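Paired with chain B in one complex and with chain C in the other, chain A is shared by the two complexes that follow.
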Partner chain A sequence: MIKNKVISRFSFLEFKGVFENYLFILPAVVIFALFYIYPFYEIFNLSLHEWNGISSVRQFIGIDNFKEIMQDKVWWSSMWNAGYITIIALTFQNMLAFSLALSCDRDIRMRKFYRVIFYLPPILSEVVVGLVWQWILNSGVQGGEPIGLLNYFLTKVHLYHLVHNWLSDPKTVLTCIALVHSWKGFGWGFIILLAGLQTIDRQLYEAAQVDGAGVFSIFKNITIPMMMPVFILVMILTILGSMQVFILVLSMVGQGLVYHTEVPVTRILVSMMGTGRFGYACAQGVVFGLILIIGSFMIKKISAKVKQE
Partner chain B sequence: MLFGFGCSQENQTKGVTVWHWMTDRQESFLKLAQQYQEQTGIEVRFELYAPSELYSRKTIAAAQASVLPDIYGILGEKKRLASFIEGGFVANLSPDFEANEGIWEKNLFVKAINVNRFEEGNVYGIKPGIYGVPLDVTNIQMLYNKNILKKAGIDQPPLTFDQFIKDAVILRRMGIDGFVSGWGEAWIIECFASNYAFNIMGEEKIMATYRGEVSYTDPDWITVFNIFKILKDKNIFVEGIVTKGNKYAEQDFALERAAFAFNGSWCVNVYDKMNPDLNYGTMLPPRYNLESPMKIWGGAGSSLVVNPTSKNKQAAINFLKWLTAKEQQAFLSKQTKNLPANRHALSFLPKILSQFASSMEDATHPSIWKHNENLLVSEAFAKGIQSIIIGEKTPEEAARDIQAVKVYEMEKDKKRLNR
Partner chain C sequence: MKLSLYLNRYKATKVLGSIFLHTFLMAVAITCLFPLIWMFRSALMTNQTIFVDKGIVPSSIHFENFYLAWTKGGFGMYFFNSVVYTVCVVFGIVIISSLAAYAFSRLKFPGKNLFFYMFLIAMMIPLPGSFVPLYVLMNKLHLVNTRIGYILCMINVGLSLSIYILKTFFDKMPSALEDAARMDGCSKLGIWLHVALPLARPAIAAIVIFNTLTVWNEYILATLLLNDKSLMPLQRGLMVFQGTHSVDYPLLMAGLTITVAPVVLVYLFMQKHIIKGLSAGAIVG
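Showing the complex of A and B:
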């Protein structure tokens, strides 16, 4: 009898303890469910419907929206365009960020000043950056003089053959956007990579130098392997950020040059706000999200394999 | 839905709340609201949400959350207005327009009202009626810089397309760009092309194209597309016209970088602010087919609708009646340099606006057409023209691409109907 009382008392206390624990995490769970799980569920649910975003009636159409996406040439070309911007960002932007991080990791004069300067572009508004670069790349002419700063400069240094219609030529427009995106984005890569470089134990470098290792050997055998987790992080963030670029596109070329500047987010906006097909827009969002998740996962896997080797 | 939170009119039942996106008119609206309160004791709150894309999202979100204000505007195609009506978010104002022998309706321009009217048997399946109140009237036509033309020895603005090309070539020889427009915005390209389509083939054939009975590869459509090729080949466009937003195109014309522009009547206010000394006039796009008239887009510029579930519905309608009365319309027209929706307020117009107003007879608008093109086909149409302008495609190739999108979208529509 006494034993039973002790057990039931223990169970009650145990239950109370567990209940209290759950009670503490309940607000976080509720917020997470309300603002993360529910929107995800609702987006997926909407992707299975035909809905104009206003009507109270939603028609269930199964996976028809996904089938349509598979045949949507403009959607897949927008994916390619974003992929091109991402490739430029992964190479040019990250190499620039890493080179500058390496420079600022050394004992150079005014390195704090450079850190601030290099981090300025990321904190500027994307719209402002887009508009400023649109002015720089403007191909207009007034009174025989180019209006755009780049063409004006090229004229002044007598490089007339390089004066170009930068944002209205399919051959140059996407590269211009990608380079501006990289210019705007290299700063945060720089900060993360610099932080990574500063975590490498200096004694490793000193020991390698004592052993007679050269600069390149130290870089290849110490810096690169030690920086690998940071590289992976920067690469994943670059992919996620570059694939989702759209404000810069809108501010530089408005509704775009034919379909050459379409990116996935602008297509989602067209589906949602232009044609009023919320269900289709949500399906595009789901497909896009899955591609980003798979891409990031693959980078992580490949990098882990490279690290092992 | 988040946009809608905290915006309910539930706790603001006294007075009337108006949502709008017109940044240039907020000051005038506030003055009128104050005047209305002094006259009637009813408070009117004008709440400005800009830019227009944000405003558009806000109204959709508010409709989903049922927190729309007493009066608001709906941006976008007529299809969107129909969606709002279908969802029960817009009141049918026909009884109010028809009351007192239809005095309210008679005071306003028919073309402005028609933009908000749904006829019997409309394609959207909306109950016939008038669902919006026009605040002003716009039309979109060509403008010419008088000083530049005079300098080039051109006495009159061109009436025919051939003459336009000749004039533009003279201007080009003088180092002056011929034509600017905001063709980075698809709808302006569509508008310009549509003007020439009306001139070349007439309304019925255009509607037949929208119904899918005439192909975009038809010779008449090729002629329309070829106009852009001619303009491109003669080097008449300003550099970068295909990605130029209308704001920048307005800047180019205001700063006398181009002799001709294609823009709406709202530009009077814009040019006045950018260059008050700009000496310009209006003209219809020069006719290609001399045997047919030229049509331009025109009608209601901005309209407001009434929330049918509003507790202040009648007060909202009364306010809109007052707002569209002669005195208030004249005030708005004077302050914002827009054409008034009230036909009796025209006498207060500055000269350049009168020129715009005189072309209203030649105006038509997609919102009053029996059929509208599928929006993705419209997009392909504008993009196809862009590809002609940048020399990427010939008019025939662009036409084939547009027709391919048309066929694909029609198949999709059929599938949707079969569901």
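Showing the complex of A and C:
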């Protein structure tokens, strides 16, 4: 009898303890369920509906939204635009970041100074970066003199043929956006790549030098293979970041968007706020998310194969 | 003789190489700094001189743009809002994520790993366009155009990563002090507050830095959820300003300087911690 009582008391205490433990994660789980899991479910649910965001009736239309996306030329051209920005970020931005990281991975003066300065653009917001560069690239003219600094500079050094409507010419605007995006992003790649370089054991380099290996051979046979995992990480994060660029586009070319500067996220915004098609916007989000996931998986697979060979 | 010649040549190539290296690094450093300097100097001009005077140091310096931007431009209000959002969100994230991370690392309950992996997976799946259903949800909850709605959404944005950083930190932390506190009859909540949190200070510093920057720089949710000018944070205010037809450039540049100044100043003072904290966040993110 007494023994029974003790046991039941004990299990009650245990139950109370477990219950208390749940209370620790409760706030996090509630917020997560409400603001992540529910929208996650809803984006798939809405993508199967036609809905204007206001009316109480949501019309179920199956996969019609997805069928429409397949034929949406503006959508796929926006995908190309983002792809273009991503390719410039992958090549120009990452190559710059890696060469800077290589330069700073040795005993040179002012190494800390460079590190601090290179990491300045990444901590600025896209709105700020876009507006400041829009001011520098401005192609307006006031009183016969160019307003923007770049065009002013070009006239001052008598390169009149290079003076250009940088942000209103369809031929140059996307490259300008991509370069500004790279300006903002290279410092981030630099920091990660530098951290990766610094984990390589110095003794490896010294041993190779003793064996008479040249600078290039050391770079090819030690630095590159050792850095492979970091390269892959930087590549995937660059792709995910650059494909989803859109605030920079909004702040550099303004809200009056034109087709040749549209990227997928601005298309989703247009579907939602512009044409009021919430279902279609969600379907676009789902398609875009799948493309991003498949893309990063493919890079992981390909790099694993390259490693094996 | 021959040896010294070799040495001289070796030295010469080394010096040449380092000159070349520093020219390259300096050129990039100037490219990083110049737009900010140009922004600041443009903020010191008037609407007349800004189109004429192109010197780095303006011929006449006008600080009144900052006053005008702060009052007439509404940047004082935007600044206040940004501070409110940043403080509330970061405080909320630190409390909620450290509670959860402590439980995931130290306490026992069924389904612990399941819950933790849920947060982990959320961190890895890119969900572009998630702002659409989020907006729908906030509309349903009547939280559009309210401070609390925006704050809750932003807490969620930073939550997963913060839980992950804190959990890995707690995992590495020895639990001797906590055990001692438990022997002394300290409650679980007491141990979390008095023992675990103070010990996790480096990790908390990292998530404070990381999330402060995220909230201060956030734009899209602020755009969708806040329509009232009196509720807008700085990033949103800048775009409102830019959207008007004839842009008052000196005032816009003053507004940009007001937005950037706290970030840059704090960064320059605490760059060591910030670079460490942010690269940690970037790698696991």
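Just so it is clear, the second predicted complex is superposed on the first by the 268 of 309 C-alpha atoms of A that agree within 3 Å, B and C clash if a C-alpha of one lies under 4 Å from a C-alpha of the other, contacts with A are read in each partner's own complex, and residues count from 1 in each chain.
Heads up, the rule we're going with is that a residue touches a chain if its C-beta (ideal position, glycine included) is under 8 Å from a C-beta of that chain, and two chains touch if they have at least 3 such contacts.
Just so it is clear, the structure is predicted and the values come from calculations on it, not from any experiment.
Q: Aligned on chain A, chain B and chain C: do they clash or fit?
A: On the superposed model, which is not a single observed complex, chain B and chain C clash.
Q: Going by the contact rule set out at the top, does A:53 touch chain B (first), chain C (second), both, or neither?
A: It touches chain B and chain C both.
Q: Once the shared chain is lined up, is A:294 touching chain B (first), chain C (second), both, or neither of them?
A: It touches nothing on chain B or chain C.
Q: Once the structures are superposed on A, label A:28 by its partner contacts, choosing first (chain B), second (chain C), both or neither.
A: After superposition on chain A, A:28 lies in contact with chain C alone.
Q: Where does A:244 make contact in the superposed view: on chain B (first), on chain C (second), on both, or on neither?
A: So A:244 only meets chain C here.
Q: Thinking of the overlay built on chain A, is A:70 touched by chain B (first), by chain C (second), by both, or by neither?
A: Neither partner.
Q: Would you check which partner chain A:119 touches, where first means chain B only, second means chain C only, and both and neither mean what they say?
A: After superposing on A, A:119 lies in contact with chain C but is clear of chain B.
Q: Using the touch definition from the top, say if A:144 reaches chain B (first), chain C (second), both or neither.
A: first
Q: Figure out whether A:169 sits in contact with chain B (first) or chain C (second), or with both, or with neither.
A: A:169: touches chain B, not chain C.
Q: In the three-chain superposition, say which chain, chain B or chain C, touches more residues of chain A.
A: Per-residue touch count on chain A favours C.
Q: Would you check which partner chain A:270 touches, where first means chain B only, second means chain C only, and both and neither mean what they say?
A: Only chain B is touched by A:270; chain C is not.
Q: Stretches 114-122, 132-140, 186-194 or 240-248 of chain B: which one clashes with chain C?
A: Of the stretches 114-122, 132-140, 186-194 or 240-248 of chain B, only 240-248 runs into chain C after superposition.
Q: Return the residues of chain A at which the contacts from chain B and from chain C coincide.
A: Common interface on chain A, chain B vs chain C: 53, 142-143, 254-255, 273.
Q: Along chain A, where are the residues that touch chain C in the complex?
A: Contact set of chain A toward chain C: 18, 20-22, 24-25, 27-29, 31-32, 34-36, 38-40, 42-43, 46, 53, 96, 99-100, 103-104, 108-110, 113-129, 131-133, 135-136, 142-143, 145, 147, 149, 152, 183, 187-188, 191-192, 195, 233, 237, 240, 244, 246-247, 250-251, 254-255, 264-265, 268, 272-273, 278, 281-282, 284-286, 288-289, 292-293.
Q: Provide the residue numbers of chain C that touch chain A in the complex, in ascending order.
A: So the residues of chain C in touch with chain A come to 18, 21-22, 24-25, 28-29, 31-33, 35-36, 38-39, 42, 51-52, 54, 95-97, 99-100, 102-104, 107-110, 115, 118-119, 122, 125-130, 132-137, 139, 152-153, 155-156, 159-160, 163, 188, 192, 213, 216-220, 224, 235, 238-239, 242-243, 249, 252-253, 256, 259-260, 263-264, 267-268, 271, 274-275, 278-279, 282-283, 285.
Q: Looking at the complex, which residues from chain B come into contact with chain A?
A: Within the complex, chain B touches chain A at residues 53, 56-57, 60, 63-64, 76, 79-80, 83-84, 86-89, 175, 177, 184-186, 238-245, 252, 255, 257, 375-376, 379, 383, 386-387, 390, 392, 412, 415-416, 419.
Q: Which residues, counting only chain A, touch chain B once they are in their complex?
A: Counting only chain A, the residues touching chain B are 50, 52-56, 59, 61, 64, 68, 138-144, 165, 167-170, 173, 253-259, 270, 273-276.
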